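Look for chain A in each of the two complexes below; its partner is chain B in the first and chain C in the second.
Our next item is the complex of A and B:
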């Protein structure tokens, strides 16, 4: 995974937040994921193949999603299914933007929403997996990038 | 030949079935023609006869005065002049019209009528068989009479045959009185013989012609059978060919299909193609749409251009085929579960068509298994080569020492990663202070690098050095952001990768340690040897000459968890002495010293302490120079520095980030080494002091409490011995 690819992926996510909410999202300090690290409650996974193999996932907690829902749906109170749908929609847009940026050489999968399937996440992402904290509107979420 | 039964099959042959069917069909057809002709014949005869008879019956009825007729039918008076007069008029009419009989009747009951005026013959004629009042049962034709009487419209009967009069048809016309009531009818028996005969001969001719045609048909049947036989042979042969073709398509492992000029897959394709393309019902599917589902955009565009050229017959195939972008590709199929299935495919194309390229014959060869096997072999080979290269670089190290090194390296790397992870709280602030974090990363990286150098693991020391450079870049940046840390984390991941490989190698090869490394001489002995080698390497790197003497260490039995701290201290002190302490040979010679510098490490046990003294006969520490460097580096304010005594000035060398090196490199210049010594001494609850005389020597004196540091038994034994 090159620095350029990492930066481009992070930019896709931070710009997504900015475009939708007009509130900037700021990346925290990246670190390497350990096996014991857990994702937040809601996770969307994007598989990547082609010139690079592995995957990317975005994981967020209920508070962030509920807050974000106000901007995208105009409502805050969301049930479990709606929160999963929301993280799916966010990941889908991120995947679409990744296709725009990397599509010439990468294959970007249709994203899937995972409910606590950490094993599946670990299986899809190739180590080392970089965890990029994304801080938005006083909430922290994680972007994980694990490509060969 | 024309036998469609297989060996052992029972039942009627197809040929016999065909013959029977043909004959049955011919007979049925002829019967239908015959029946239809007869029906038509009767119908036509009746129609023609009715058209001839009805006007005569109407004219006869018109001759009758209804009221007079009613009266006559009641009186039956043959003397009534109306009777004779009308009979003659009817007779004249009958004679002029050519009908067989012309008569009138009046009802007695529904089925019995009586003759009133019969104009069929002159009165003297003996054939006058129906005089006035003669009653007749009309049951046989009462329906026509009844209909005539009730509807007051003329009717005609069906044609009827009797030996006496031949083919006869009767027309009926109502006789209506002045009150508008039907009082009887005029009947005209019309001989249909002529019409019948004419039509009959025509029918016979038609039947004869049909018969001739049927005979010709039967004659042609044999020819037809022969033709059908050939046709069936041909169909059978074609069926076998198609079956064999389909059989091949079902069983061939390659994907085979025809592609038309609209780039759609033909109706017949090999079953394997569905597996290869990971989808069903490919007939008529657009090849570009299929390719787009598993190729990246670049390859998709190349494929579209290729197909465009492939169907242009004016572009030579040799040229086009060389452009084939699908000759060897990797297809990525989205599994819809966040993963992909990869297939290695080879597409081969052939043009079909004479002048115009009508189709492309396409063969898709799936080489996934072979490729995977090759890749696996290649990967294993590369891994083994890489491991062997790395193994060569670590063979000189005692495996137990390597394991201990890896353990401490793991602690360092964990600490670095944990530092980055825990920075999440820092980043939420407006302008986070990364100073402590960067120092922590630096210290652990430096410790790891020192160990790597001690063990002569240059590849690892270089990677740690790279990490330190990244830390320094961030330290130099104004208001660093998370993005500025990306190079650092990438470099760190590189370091982790090397450690991972080392761990794999050691785990894999550890069982061979007795063979390759021998029984080993203990970690302390190895540390002693390694320090010596490291000192020589570093001295050689800077063009210096050094002699390292270590004494007393081999007698110490450090507890395993303290090895790392002791090692860090000794490594950093030796590095410091070589780089900062020992002068260049020329300088030493000029100052009357031996060109070869001397570093001594002396370990000894006192009552409750371990004492380690590290002394070099180098240039000593210049307190003033250190003070100036510290001011310049922003470590201390100028005003505060002015009040410092010599000891305080010297102690500045333990401050993180302090260095007197003119530039930083693998060994020095980052101001971490002595800072690390200080933190390790603190970890071991020790104390240190420095003695130095400018131009003559520098001596670090370290004292550690024995409790928790040394295994006592060994120490006592050592002391006794």
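Our next item is the complex of A and C:
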């Protein structure tokens, strides 16, 4: 990924959180994923094909997802299925919006939801995998992107 | 007016249903994939459909064509994260009445639906 692509992706994620919640998300400095970087409890993974190949995942904890859902659904409490669904939908929206940067040949799969620490999580991502740290409403999460 | 919501995310189905609950709609169903959407569409022949594109089993653009072949006057609003102009144009060329990119607010969805219903009223 080029620096321009990374900056454009950061802009997409920033606008996503702001559009839904009216609370700005603060992006940390992107870095190349290390083996010691752990996923949060809920992870949505999207495979990328077409002109670019690889994958994107967004990983977050239960507290962030529950807070974020309040802005979409109001006062409802989310069960486990809904938390899985939400992390998949957040990943889907961010990856889909990336077509603004990468164009219509940036083909995205339907999201796969993973739980906990999964060793093979980065299998679909092509190195180098960039991590974008995200801080929103006092919760930390991150987006990982690995494209050929 | 009969409304069908098609989105592979249950959260989005619930959100769209909630955003439109004060409108003059009767929600006839919510589908999570293209095949289920076509079954519900054939059964209920809804007047308005919100339709996602990236879904399991059958994508939204294929559903769009099939739905319009069954009910040419169905008002179909594409609601998708695929935020590029080519996809939007493709959907409109295939007969969608509007394209709303995710993420969106309740007000933005309402505006798109009002626009579609306005088209209906203009024609009547």
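The rule is short, and it goes like this: the second predicted complex is superposed on the first by the 137 of 148 C-alpha atoms of A that agree within 3 Å, B and C clash if a C-alpha of one lies under 4 Å from a C-alpha of the other, contacts with A are read in each partner's own complex, and residues count from 1 in each chain.
One rule holds for everything that comes next: a contact is a pair of C-beta atoms (placed from the backbone, for glycine too) under 8 Å apart; a residue touches a chain by one contact, two chains touch by 3 or more.
Predicted model, so just to flag it, every value in this text is computed and none were measured.
Contact with chain B, but none with chain C, is seen for A:30 once the two complexes are overlaid on the shared chain.
In the superposed model, A:6 lies in contact with chain B only, and not with chain C. Judged by the touch definition given at the top, the superposed model places A:104 against both chain B and chain C.
By the touch criterion defined above, A:112 lies against chain B but remains apart from chain C after alignment on the C-alpha atoms of chain A. Of the two partners chain B and chain C, it is B that touches the larger number of chain A residues. In the superposed model, A:88 makes contact with chain C only, not with chain B.
When the shared chain is aligned, no partner comes close enough to touch A:38: not chain B, not chain C.
Shared contact residues on chain A (touching chain B in one structure, chain C in the other): 103-104, 109-110. The residues of chain B lying in touch with chain A in their complex are 294, 296-298, 330, 332, 334-340, 342, 417, 420-421, 423-424, 426-428, 437, 481-483, 485-487, 489-490, 492-493, 496-497.
Interface residues of chain A facing chain B in the complex, by the touch rule stated above, are 1, 3, 6-7, 10, 26-32, 34, 45-47, 49-51, 53, 55, 103-107, 109-112, 114, 120, 123-124, 128, 130-133, 135, 138, 140.
Those residues of chain A whose C-beta lies close enough to touch chain C in the complex are 16, 19-20, 69, 72-74, 76, 81-82, 85-86, 88-89, 92-97, 99-100, 103-104, 108-110.
Those residues of chain C that touch chain A in the shared complex are 8-12, 14-15, 18, 54-56, 80-84, 86-87, 101-105.
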